[in-house]
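Order of writing sets the labels: A, B, C and D. Residues in every chain begin at 1.
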Amino acid sequence: MADLTIRFYSNVLKRDVSFLMVIPNDIRMDYPREDLKRKDRPMKTLFLLHGFTGAASNWVAGHLAEQYNFAIVIPNGENSFWLDGLPTGRQFATFVGVELVEYVRKTFHLAMNADDTYLLGFSMGGFGALHTAFAFPETFGKTAALSSALIHNEVANMKEGQGNDVANYDYYKMCFGEPSKLPESDNNPEYLVKKLKAAGKKIPEIYMACGTEDFLLEPNRAFHKFLEEQGVKHTYEEGPGIHDMRFWQEWAAKFIPLMF
Amino acid sequence: MADLTIRFYSNVLKRDVSFLMVIPNDIRMDYPREDLKRKDRPMKTLFLLHGFTGAASNWVAGHLAEQYNFAIVIPNGENSFWLDGLPTGRQFATFVGVELVEYVRKTFHLAMNADDTYLLGFSMGGFGALHTAFAFPETFGKTAALSSALIHNEVANMKEGQGNDVANYDYYKMCFGEPSKLPESDNNPEYLVKKLKAAGKKIPEIYMACGTEDFLLEPNRAFHKFLEEQGVKHTYEEGPGIHDMRFWQEWAAKFIPLMF
Amino acid sequence: MADLTIRFYSNVLKRDVSFLMVIPNDIRMDYPREDLKRKDRPMKTLFLLHGFTGAASNWVAGHLAEQYNFAIVIPNGENSFWLDGLPTGRQFATFVGVELVEYVRKTFHLAMNADDTYLLGFSMGGFGALHTAFAFPETFGKTAALSSALIHNEVANMKEGQGNDVANYDYYKMCFGEPSKLPESDNNPEYLVKKLKAAGKKIPEIYMACGTEDFLLEPNRAFHKFLEEQGVKHTYEEGPGIHDMRFWQEWAAKFIPLMF
Amino acid sequence: MADLTIRFYSNVLKRDVSFLMVIPNDIRMDYPREDLKRKDRPMKTLFLLHGFTGAASNWVAGHLAEQYNFAIVIPNGENSFWLDGLPTGRQFATFVGVELVEYVRKTFHLAMNADDTYLLGFSMGGFGALHTAFAFPETFGKTAALSSALIHNEVANMKEGQGNDVANYDYYKMCFGEPSKLPESDNNPEYLVKKLKAAGKKIPEIYMACGTEDFLLEPNRAFHKFLEEQGVKHTYEEGPGIHDMRFWQEWAAKFIPLMF
């Protein structure tokens, strides 16, 4: 299983940035023959979005990528909620959904269309996996969101000088834009879903899971309910667990076979 | 010459971040004996601040670190102007001047006091090298600023909706704080110099250089004049050159022997 | 948990080489207070030796290093069996047991004496963990060897032109030296144990484990029997499992709390 | 200019190995328009072979890759002289000339045929650049060899127990095979040239340079004379300089425009 660290100049973020990749294309010749055959199939690609305080690192056990024959692309989201913020160089949604996808396609000839380009994220990255899929539905065919930080409604109600345990008002404004404008902003995944429906556009396949002891359970249930009300087909699962790596590993291992 | 890539959790930036180091402590035994003796001397440390659009990378030729026997620490400034911005997790001055210095001291037993802890930067990093030294004068003994992006007075005059070729108003506000408050802000190096003088505190040794064809020549001359007016001792040099790596390499090679 | 990639010039191997480190010294301030106190204790260091076909990579879950407060050093053994081979630049035992230990001590002030310097390896690295501990008993206080490739007696019987599924005769000669001389060679862990006993020297604490389905079970039992016959105190465990990462993860998690 | 660190499993070397790449395909949108056009041309690829004691690192100034629009692949040769040695897992010529070329072609769609696949090396890597080109003339169209360590005739005369300042007999035997058999061995670049001529095969374009103060000047002149005697067209240059990076940078900058 080959792994890559890649640094390139991002025109969107306006600086050199790094991302990681995993490509299971280095075949051990002493592998069983049927395995070799499997490797000849074209490879799909999973964009993996990390959580708040995290950075790019390969947390999905490589054996899933090997077993289901897909490449992984792991950008650094830098606590951005994977959104297009207001300041120059904070357009993380465009970075992932446009620039990085194009760069990977041109450099590696992977992930050539929505049918073979998926998203998966947890916590802040779960929010990003949903938002990015809705923002670029012609680019991503499927998305899996674990223990997602669906805090857009909380942020929408913040006033200057407020904040929460995680960050202050200026921080949320930098990521989400003006909070008061969030209800009708492209940084709001609910608003995007409504726009897609109104335009009759295809919505990517959605997989969601949240732990029953997760402090983010309520906003996940609320988003599940929102999707039901909108008549958007999706998979929503709950299971024992808190907001931790154990839960994400378990559900990544459950969703990836369904996706690939 | 050993080089290191280090990832650690920054409490200031609130996420995993990476930085580079160069430590010329791996002695080739086939080196001349006098060289070996030189290596036994305790090692000073240079914090190297990159420019706008850049990222941590070892641009000072390793031979300078080898020849003058100092370690290099190269953080990622992410287009922050190395300042404490308003949003949570954008406190890059505190990150470099407090957290990173402490982390390097505790992990490597290098750079133990101001006498052996210096700064050097170019462009945005030249601005940072001056600002960080003035913000933490008990931590950094010397600072070298090349082709510095001393744009604080330009930013102070920006209004909402404005901006320049590099970035928009929201961007500068994220880095510098409210522009209108910049004249009396700790993000303003001139304000810091006045505060240090008023408090009778020691100001670090200052080395400045700018190319005569550099588009930032005027603000560099202005800052030189400001220091003269304030009676702050410093070295200021101009020489042929534009805003490029060639000028920085040339002047790093001139200033480092004077500093170390 | 900080992780480091370090490249330095090895005088023993005669070229630039890289190794990895894990140092759990980057304390999240939102951790519980008692955890912070624990972090103030001086840190022991574990040298981790990978297996044949492997390379340095952090396979011990970081949580063990965090929980038991030790640093990890992970060199690249390059299929060397961690031995001093015949050709110039193939002295991997001296590289790990002398040069790397000294380099880590001088650079990080970790692993300052045998009481806080341990070894752990699996497969080829299990062989190395035993051999290196016996070769440098004043440097390493404890050693843990999982599913160890204790093939020294097999190699001792090889003739020119022979070999096995893994490698040819020239390969084993490059690593172990002249096979016929192996019975009384410092590359033979049994020979080293006898020499230590004869000299009345202290033998490091030994932890061994092997899976009951491992193809290396017999040589592990034979070495266990050898240690018993020599009256060398050691821990030897067998458990269900084959020669794979699952067994190593399980037994690293069992032995590390006993060691640290 | 993107740079990549790639780790993959080598079946030839029988372990995980790393190599570096430089791909100038990340276009800054604020570049002049004619530059953007140039970037659309398909990209040739240069395999860069480092010297003894070295490791993969990007010593050719990136500006050459940017200016002449080629990718760079930089493997680790681990003091192997880039040859197929006797022991298992020491087949570095096959690693570079077959496995790595195929891996890069399949992963990146670069270097698809000999017309766009070149070699460049210095010192031990200069020897490798010549040897690899002659060993795989249908893979590499051009090769540049700087200050080459053409020591095959010296090695051919070594006897057991002998050696030189650099390494012992066992070392040279590990790399070159049985010294006494070297005159008619595929590890001998002169033997390969004669074989190619006898078979009427095309010989890659050859660029050689050596410094007039280089301690390897004589064997370079001897090889130049050998090529003349064989009627093999090639470029051979001498210039002021010793066996150092300055000479290599100078001549890489001279040869690359001729090659690309």
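General observations
Note that a contact is a pair of C-beta atoms (placed from the backbone, for glycine too) under 8 Å apart; a residue touches a chain by one contact, two chains touch by 3 or more.
Note that the structure is a prediction, hence the values are computed from the model and not measured.
Common partners of chain B and chain C, by the touch rule above, are absent. Taken over every residue number at the interface, the positions common to chain A and chain D amount to over half, indicating a same-residue contact. Our note on geometry: chain A versus chain C, Cα centroid distance of 39 Å, whole angstroms. In terms of their C-alpha centroids, the spacing between chain A and chain B amounts to 35 Å.
Annotation for chain B: residues 7, 9 touch two or more other chains.
Every pair of chains meeting the touch criterion is listed here: A-B, A-D, B-C, C-D. Chain A makes touch with chain B in their complex at residues 7, 9, 14-18, 52-55, 57, 78-79, 85-90, 163, 166-168, 170-171, 173-174. Chain B meets chain C in the complex at residues 1-11, 23, 25-29, 103, 106-109.
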